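Below is the structure I would like to discuss, written out as structure tokens.
Naming follows writing order (A, B, C and D), and every chain is counted from residue 1.
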Amino acid sequence: MSGSTFGELFRVTNFGESHGPAIGCVIDGCPPGLALSEADIQPDLDRRRPGTSRHVTQRNEADAVEILSGVFEGCTTGTPICLVIRNTDQRSKDYANLLDTFRTGHADYTYWRKYGHRDPRGGGRASARLTAPMVAAGAVARKWLRLAHGTTFLGWMSALGEIPIPFEDAAQIPLNPFFAPNAGIVPRLEAHMDALRKAGDSCGARIEVRAANMPVGLGEPLFDKLDADIAYAMMGINAVKGVEIGAGFGAVAQRGSEHGDELTPAGFASNHSGGVLGGISTGQDLVVSLAIKPTSSIRLPRRSIDRLGAPTVVETHGRHDPCVGIRAAPIAEAMLALVVMDHALRHRAQCGDVAHDVAPIAGAAPSVAPAGARGRE
Amino acid sequence: MSGSTFGELFRVTNFGESHGPAIGCVIDGCPPGLALSEADIQPDLDRRRPGTSRHVTQRNEADAVEILSGVFEGCTTGTPICLVIRNTDQRSKDYANLLDTFRTGHADYTYWRKYGHRDPRGGGRASARLTAPMVAAGAVARKWLRLAHGTTFLGWMSALGEIPIPFEDAAQIPLNPFFAPNAGIVPRLEAHMDALRKAGDSCGARIEVRAANMPVGLGEPLFDKLDADIAYAMMGINAVKGVEIGAGFGAVAQRGSEHGDELTPAGFASNHSGGVLGGISTGQDLVVSLAIKPTSSIRLPRRSIDRLGAPTVVETHGRHDPCVGIRAAPIAEAMLALVVMDHALRHRAQCGDVAHDVAPIAGAAPSVAPAGARGRE
Amino acid sequence: MSGSTFGELFRVTNFGESHGPAIGCVIDGCPPGLALSEADIQPDLDRRRPGTSRHVTQRNEADAVEILSGVFEGCTTGTPICLVIRNTDQRSKDYANLLDTFRTGHADYTYWRKYGHRDPRGGGRASARLTAPMVAAGAVARKWLRLAHGTTFLGWMSALGEIPIPFEDAAQIPLNPFFAPNAGIVPRLEAHMDALRKAGDSCGARIEVRAANMPVGLGEPLFDKLDADIAYAMMGINAVKGVEIGAGFGAVAQRGSEHGDELTPAGFASNHSGGVLGGISTGQDLVVSLAIKPTSSIRLPRRSIDRLGAPTVVETHGRHDPCVGIRAAPIAEAMLALVVMDHALRHRAQCGDVAHDVAPIAGAAPSVAPAGARGRE
Amino acid sequence: MSGSTFGELFRVTNFGESHGPAIGCVIDGCPPGLALSEADIQPDLDRRRPGTSRHVTQRNEADAVEILSGVFEGCTTGTPICLVIRNTDQRSKDYANLLDTFRTGHADYTYWRKYGHRDPRGGGRASARLTAPMVAAGAVARKWLRLAHGTTFLGWMSALGEIPIPFEDAAQIPLNPFFAPNAGIVPRLEAHMDALRKAGDSCGARIEVRAANMPVGLGEPLFDKLDADIAYAMMGINAVKGVEIGAGFGAVAQRGSEHGDELTPAGFASNHSGGVLGGISTGQDLVVSLAIKPTSSIRLPRRSIDRLGAPTVVETHGRHDPCVGIRAAPIAEAMLALVVMDHALRHRAQCGDVAHDVAPIAGAAPSVAPAGARGRE
């Protein structure tokens, strides 16, 4: 099928370009009866929104979402939910030269080679602005999962460039512009960013994201494993170059006697698996880590070519995030929620009537939401 | 859709269990007119086959593939190709206790929680044996891609446990049981494995896989990016816990001025992107890295529970790979080939008539196979 | 996948309710480089639009379409095209009683049983108003097919209730409110409708739709046959109860010696097949016929029940089409175009490099659009 | 996606050719815990099997099905079920001339134009033999639906050529070779067939198929309506040229006051809708009717062309059904069961927790199977 749709049963079709009239998405397959209004979605969009600190792009977008369909009298009806966000602060009058030149590290060249015709304004379809509809759709999934299963999602920055950010306190995450779970390190992060901006350069970041209170049993073992779909979702976020589940690349140097999580009547004794065994959720927290590359748009001069193949030099002035990873935590949360939501429905479809003759281990949540279990907070 | 199918247009549906009568797959959507026989598939299966050195499981399977459909007079007809591999060396008479106990680090617990009923013999559906049909399907994709685009795939081991394996010589890869591109390090790898086996433990591995002579323009930028689909494919291989494209997690500490690959009239000046920009192939080599966890089946005692929730201890005797990563290179090659194949057809569907008014950069291959371009070697 | 998306490669996701803020669709997978503006779409919407004669609903909707994405400088970019039509003439203030009562012959009861919660205003999601986005998407497909293959689509009414409408002159179709290819019969049709309106009743209709200049070779023989997908598309139009291809139900009483279309060097000698053999297009005209049921909303009293299960009587006053078939011809054309468009891309994906060593029969069009073949009229 | 897969959640991928080594299918998404063995499938295959009366092809195939995967200790595990039927009575040694000539009314010409290369032996992929795997998959769906919802399926012949077959007694259907619900008419049908055979000609047929004890609420209203998917399934059966739901083409001449089924506290007062309103099941019987064209392979000479485009004459001798409709009833039952099964799972996925605050009308079955509701007879 065409590529702009995410998910099989909770399906999100993303549309729009950075400087077009609007961006948005259509969510198809949302369960009916979920209380939903713009107020459920806007807070997540606001967390991702540009222009909120000096460390991110100064583009000023309200990112106000409008629900065009699928909700009646404050509840979802089960029909497609169209969410639209109007673009308001485009400054794209002068893009003629962008059409002719391929910016280094950007999708300009590949779009041109693929499609022959592209919208170059503000990065067009390849802009990180298109993560806003992902966040909006994720907010709907998050609400349903919270009400039906108690599942919650939390992302944070665990490294800014070469600076690791030790996890200290989740309560700090919303209190600084870096989504850092550590108040003490914030001044150092700010100094790092200020220096980068001054140098006209950019840096990468590492993001962690977790899901807690996970239903057991989600995932299709071959090929649509829960971890495979998480990897797809995360690698699909702009600028992501690596994805880990649980021990991740650390597992290479582990022994089996260390990595394998022992089971006890009280539950698992560790979580090297990151909450997935054989592609199916264990009920432990999902543990995911992402590598985000440094922003490609920098002020320093870079060699490139134009459409005629002639050499040229690109220096990017304008409004850009010197570290795109700074705003990535809410995006990663949203994408993880979309994966879990889709698999919750897929699991209910196939296994909604599975009954165990023996009690599962302590603390494991039911994997299928009971009738009438959600929709009212 | 249900989870056992890989790909959208070149679709591979995998079936079977480790100790059932047979495993196999159905490939739907293969272009017609491709010369194909079992002899095109068997060599890749043989590279993955168990029992070929003392460092892998001693299960003795011929892994002989049979083509049941979709080929007439030695050429594909465009209709579904069913490939079957009979299981011959199952030793599963005594699995009653497996039904009651969940092996540590395995999918036993999650399958039971998901389905309520599972085939425990040899790991059932969760066995790495199910990678054989992936390799078989990959061989078909590889042949088409080689003839139509000249694209080739190569995988190797880049670390065995904590031992890094420097890349020295691709010609060495098929000459040692580790798929190591380095003859000198083989004795050290053998000693490492012998010590592990003696200790009753296991270790992880790191695998690199590349595609060369890539068509430009493959990938659907949002959400079905080429790199997102690669991440999905790789994380879906048994025991994989991390995936990197290009610079991967190294990109976190890079500057934008280092990471962004400059363009020159002679092509790209570096390949930190790993061959994908904005989700679309650049024409450079695809560069992918995988983390593989240590084998869960070890001789050392591990705590677990039984179906009644009572504590128990599991020690796994029998035939197992002490490092599942050893046989992973051909699997990773096959999965990468399946991703590229699917996107080659998807690209042709949408963009088969794109014409550029200006010549592309030097050395870039055409992204759509010309009429009559393949099928005859 | 969720149900509101039509097509595999040219994918149309429909959203909206009759009395919500807007209806529309997202087209994903459209080939890039197609010249496109609202002016290409509006004429087809205007043909379907309500309020254009006394024989259809008097709801007054401009049905003005806005392109929100996927088009840059007048050409498609290959990214999703979002089309929005604002609803302007809703009169839904007083729908409280509709929520409690199930109108006879409508989807009220089934939506309530399926979803538990529904938008009853103007029929909500089940309204024929949702065919407008189908027509809009169809206009895009039609333009591409016309430019790439010369394929054109024409629908007309062949029976109004018990009155058959002999085909006389295609030029008459746009000149009367019934899409009747026969000027002489129009007064009789008008009298029929006037009598129905007076009686407070409604009637059915029969619609024919054809595609000319069809590419040969479209259709996946098992299961996504071209005729199977046409049947799906047509039966999915509101109020359709039957679909025929070619000879249709007339084939039951035919002999094989009569039905089978003989082949000659000059082409097929007849077209009982309706342009499809073995699920694949022959290159002859596609010939499709639909049965449309009488409008369910009538003034005559009908027995029904309310949500408590108590008996009630429903009489529908308000703005309704006394024969929904009257506006069905452009809808059927659009749906047929969407099927052909999707299969044209699917065929190019799998068989884009098929070369025949022998010339096909006279007059058959090429089935894969050549490079640069479209986009400029 | 590629075309050989039927269904979204209960997915059946069909493979094989008439004279290849085997035909079969892979069922993915079957709920776990369903008691299943070959004995559940064989009876339906036997009803469809060739060679059982003088009125059908004399090809002698045991059609013995083998389960290769997905079942352990007599119960489905939720993993893919591969069903294989070996071909045993192929007589295809002499097919060279078939490769060069296109048989009238067959898919020979269209396959050649689409794929450039085809298996001509016994019709290859286009043979009605490929309905056997559909029947096998349908048997699995039927068993689950019967146990979970009590739903049953029944098909019969309602016309043989120009002879209508009045419905008298369902008990007669298995007692004659025509699936005729009417003992008295059988001699006339036999005489008709004998005359046809003597004349070297063939005839069409009309088939009715119904589902009883239908769950309410199945169907995705736009586009994947239950009736749209039924139309797709039925038109996809070999030789079908028309599909009706409920009143079908009879609805054209009905008035709204006649067609619309009134609701009473005791249920619907009629069933012109055929069990579907707004694309969603009402809980009444599904009522479907098919037109099947006369067999194309006849002894009478027919004009055709060869691959060089030269005129030729085809006379088909060999083993063929003079009325392919005779064996169509079990196929139509199977396809209807596959549609209902898929929608039962899709409904449970999205609406599995819908709770109504008011009791539904009398006699309506629950639409979601309760936990532990099936698997044991």
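Assume a contact is a pair of C-beta atoms (placed from the backbone, for glycine too) under 8 Å apart; a residue touches a chain by one contact, two chains touch by 3 or more.
Quick caveat, the model's predicted, so the values are computed rather than measured.
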- Note on the structure: Contact-pair count is greater, between A-C and A-D, for A-C
- Task: Report back the single chain whose CA centre is most distant from the CA centre of chain B.
- Result: C
- Task: Report the inter-chain centroid distance for chain A and chain C in whole angstrom, where each centroid is the mean of the CA atoms.
- Result: 38
- Task: Could you please state the distance in Å, as a whole number, between where the Cα atoms of chain A are centred and where those of chain D are centred?
- Result: 44
- Task: Spell out, as numbers or ranges, the residues of chain D touching 2 or more other chains.
- Result: 1-5, 8-9, 14, 29, 32-33, 78-79, 114-116, 125, 221-222, 346, 350-351, 354-355
- Query: Residues of chain B touching chain A in their complex?
  - Reply: 1-6, 8, 14, 102, 104-107, 109-116, 125-126, 130, 159, 161-162, 196, 201-206, 216-225, 227-236, 241-265, 269, 272-274, 276-283, 291-298, 300, 302-305, 307-311, 346-347, 350-351, 354-356, 358-362, 364, 367
- Counting only contacts in the complex, chain D reaches chain A at residues 1, 8-9, 29-33, 78-79, 148, 221-222, 345-346, 348-355, 368-374
- Query: Any idea which chain C residues touch chain A in the complex?
  - Reply: 1-5, 8-11, 13-17, 20-24, 26, 28-29, 32-33, 66, 68-70, 72, 75-82, 84, 114-119, 121, 124-125
